[in-house]
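Structures incoming, each one as structure tokens.
In the two assemblies presented below, chain A is common to both, partnered first by chain B and then by chain C.
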Partner chain A sequence: MRWSVIGWRLASFVVAAGLIALWQVAADQRLVSPVFLPGPDRAWASLMRGFTSGDLLAKLMGTLTHMAYGWLLASIGGVALGAMIGSSKAMRSYVAPTLELLRPLPVSAIIPVAIAALGLSQGMALFVIAFGSVWPMLLGTIHGFAAVEPRLYEVARVLHMSRLAVILKIALPSAAPDILAGMRLSLTVALILAVVCEMLAGLDGLGQWVLLSARAFRSADLFAGVMLLGLIGYVTALAMGAAESRLLRWQAARR
Partner chain B sequence: MSVPERIKPVLLPLAALLAFEAWMRLAGVQSDSLAPPSAVALALAGALSDGSLLTATRDTLASAFAGLALGGAIGLVLGIALGLSQIFNRLMEVTIEAVRPIPSVALLPIALIALGFGYRMEIAIVGFACVWPVLIMTRAAVGGIEPRLIEVARVLRLTQLDRVRKIVIPAALPRIFLAFRLAAGIALIVAVTVEIAINPLGLGAGIMTAQQALRPDLMLAYLVWIGVTGFMLNTALMTAQTTLFGRAAVIGDGA
Partner chain C sequence: MAEPALALVQSSPSPARAQIAFDNVALTLGGKAIIDTISLEVAPGEILCVVGASGCGKTTALRLAAGLYEPTGGSVRFEGEPMRAPRREIAVVFQDYGKALLPWRSAAGNISLALETIGMPAQQREARITELLAKVGLAGHAAKYPTEMSGGMQQRLQIARCLAQDPKVLLMDEPFGALDAMTRQGLQDEMLALVASTGATVVFVTHDLEEAIYLGDRVVGLLPHPGRVGLELTVDLPRPRDQLATREHPEFLRLRRALFDFIKASE
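Showing the complex of A and B:
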């Protein structure tokens, strides 16, 4: 059983390698102009060169920093606000419908407003990323709090627990799956908004790197940047998935 | 305490708007980023009556839906193929995992040098973003079809094409529609984001122009309008889903 899993995985890697080889052939035969499509060899060389002699590492760190600060700010704010709204029935009936109304708003539309208020600055990027990624966590927390087993609240009342204790010991743990699912969604949003903000405001990061490479028609550098962005998306999703299954292990055991 | 249940949700936004209006008027705030709600409403009415807002909406929705059609079709075909054939699914795994995490806006510069400004570039990026939700959910839906239906198809000696047309698509249709509904939301978000970042077209470009022209009232009017568009699209698709497939399809959202 295990061997067949590994075998399929290997075969799947071979297919991916074959597709990359096809890309190489297409680039070598100049089926597509090399201005648009560099071969994987040139993109790889550009990636390596960017790391050893260029400032690609600094750009990578820039994007990661923007993403991490905005996402962490949104996580703290989203869960705190969500806990406040979700733990009170009155708040839920007054505030939650407004939030549901705002949810389908494409969050990138807030960017011009943020630029007008804060200028083309780091603060603007931080605000936009945090604002955009707060929604999944906020709504996830509210939903999770609303779905807590009512008998747990009854137990808390019998034990005379304070409201804070109820939130920390009962509501937060049982809302954890919804909150973590929201955090995973937010990661993607944070990455996208970080890239857009870097493009618009010229902040140090991969978004600015890929845009400048495209303007200078340096397609190998451009593809190197896109590959790195894909890698960020992949690694952060993987890490979040691992954290999620670890944090929720107690729940899987209970079921 | 005797506030009727139906009025509660309206109170908060109404109070916020009134307080905002009063503060702007009384304090006589002059700002490049804020405008009182009454001025925003006037700007919205103005933009609606001179047709510029409607033209922009048409451009944005046209690109979003063209991208949705393109990406959705690719995702649907691939999803059905991957759902039907375990071998194909396992062989493509690494390739899909490698391409999927690339944030759609990272492709912006590539699309820019390959296709230039305009509809085509925006459609390509929206299409890329829409492939994945449709592919993943169609694959899961097709993979989860009752095996006996497939056996029936085999007994009836249906051709591969008939099998897909008469058994697979009808059986998986509710979840495929759900996938398209989610993808439509993504399409609008990506279209607006592309327009804000770079493409001089549609609502996103309109809001950027208003910001650069230091017209906060018009900018906020665009923001409100974008929100309304997102909300209407979401509501229309939800209604369509409920009437077509009944309530069960909407409740299945969490899956």
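Showing the complex of A and C:
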């Protein structure tokens, strides 16, 4: 069992290493002009240079900050709003049509509106990221709250639990799998929107770094930025997965 | 506070002492009469079993006693006071233990839910949880999640959570109905011992007529459509009850015949 896991890990590393090797060969053979495609060696060197002498670290922190604030705002707002809507049938029927109208709206269409209202500011980025990534959380929470086992509400009534206690001890943990799944989806959306906002509004971050590098034909810097963005996506997803399996230990017991 | 023992049970309780009283209780849901009418009294420390054909409103009657439903006619009283809502002195053991337990909380956590709600300080909870788990035969299973337990263990856990409320009344809705025969008999005896030690009043709904006689001081048979009392039997069998001796007792057999005839006639 353990050995097969190690085997799969090994295989996935081999595939990744093979792809990087292929990339190196393609760059060395000049299949694509080096102006557009640097080899992994040059991209790596640029990455190192960016961290030691350039401001790549500041850009990385910028993107992480935009993403984290927007995502946290969306998480708190989405869960709070979702709990309110999901725990009342009346609220669900009042608000559901509006949500259905807003949800499929492409966030890219919201950005000009946000820029007009809030300017090319951090506040605009925060709003756009939060607005775009709130949906999976909001809908997950609404669904999770609506799907709480009715018997548990009766247990709460028999025990005379307060409204707040019912939400915190019964509804939220019961909805946790849906909420956490929403939070994982939102993480990706938040990263994408952070990059888009940085590109459009010239905010300090990897989005701006990538855009400026591309315009100046500094392809090695461009690839360094893209690699970092990939790494952010990968690491945050890993962290989220770890948090999920820790918080949902009880579900593992079920299987 | 606690009634000393079942031996003190009176066969005909006086109204003033009734723990739970149904006074011409009627319930209409969605224009349909579910119960019409039930008058009943349960004495403190008594074990009252309720049987009846399906659709007779046994479970509904229990929910009325729990305060989960409000009667549309008559009144349900707890120690003389009209019931408007569930109260902590009354614990309910649901049949579907799998749905009534919190799957994200361990055995200890599920009992803790009741202790938290009655406001027990955190440092006292652990000792009480250990005590309650031992009481229902789950010592050493504190860290297990409900899904890691058998049906019998889950139902024991639910009973432990109900006992954590320190209830004066235990309302049990076919609590052993979903369990296999061996587990059921074991739990019947455990429940009798537990109830004897706490002195709680029990209203026990079941479709198993023998179980009703085996456990009860009194058995009430309900008639269906709408639910009403059709039969009341006093069970004059010695306690403690014994799975073999009690079930072979001539009085047990007589009551069994009477109940079977009643159910057959009511269908």
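Keep in mind that, in the parts below, the second predicted complex is superposed on the first by the 245 of 255 C-alpha atoms of A that agree within 3 Å, B and C clash if a C-alpha of one lies under 4 Å from a C-alpha of the other, contacts with A are read in each partner's own complex, and residues count from 1 in each chain.
Definition applied: a contact is a pair of C-beta atoms (placed from the backbone, for glycine too) under 8 Å apart; a residue touches a chain by one contact, two chains touch by 3 or more.
Fair warning: this is a prediction, and the values are worked out from it, not measured in the lab.
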Task: chain B versus chain C as contact partner of A:61, first or second or both or neither - done: neither
Task: Larger contact residue set on chain A - chain B or chain C - done: B
Open item on the list: Going by the contact rule set out at the top, does A:45 touch chain B (first), chain C (second), both, or neither?
Closed with: neither
TODO: Classify the contacts of A:146 with the two partner chains as first (chain B alone), second (chain C alone), both, or neither.
DONE: neither
Open item on the list: According to the stated criteria, A:250 is in contact with first (chain B), second (chain C), both, or neither; which is it?
Closed with: second
Open item on the list: Output check: A:84 vs chain B and chain C. Expected answer is one of first, second, both, neither. What do you get?
Closed with: neither
Task: First (chain B), second (chain C), both or neither touched by A:120 - done: neither
Task: Sites on chain A touched by chain C in the complex - done: 149, 151-152, 154-155, 157-161, 165, 169-170, 173-174, 176, 248, 250-251, 253-254
Task: Parts of chain A lying in touch with chain B, wherever the complex brings them together - done: 8-9, 11-13, 15-16, 19, 35-36, 93-98, 101-102, 104-113, 115-117, 188, 191-192, 195-196, 199-200, 206-207, 210-211, 213-215, 217, 219, 222-223, 225-226, 229-234, 237
TODO: Would you pull the chain B residues touching chain A in the complex into a rising list?
DONE: 5, 8-9, 11-13, 32-34, 90-95, 97-99, 101-110, 112-114, 185, 188-189, 192-193, 196-198, 203-204, 207-208, 210-211, 214, 216, 219-220, 222-223, 226-227, 230-231, 233-234
- [ ] Would you tell me which residues of chain C are touching chain A in their complex?
- [x] 66, 68, 85-88, 90-92, 94, 96, 99-100, 102-105, 113-114, 116-117, 145, 147-148, 165
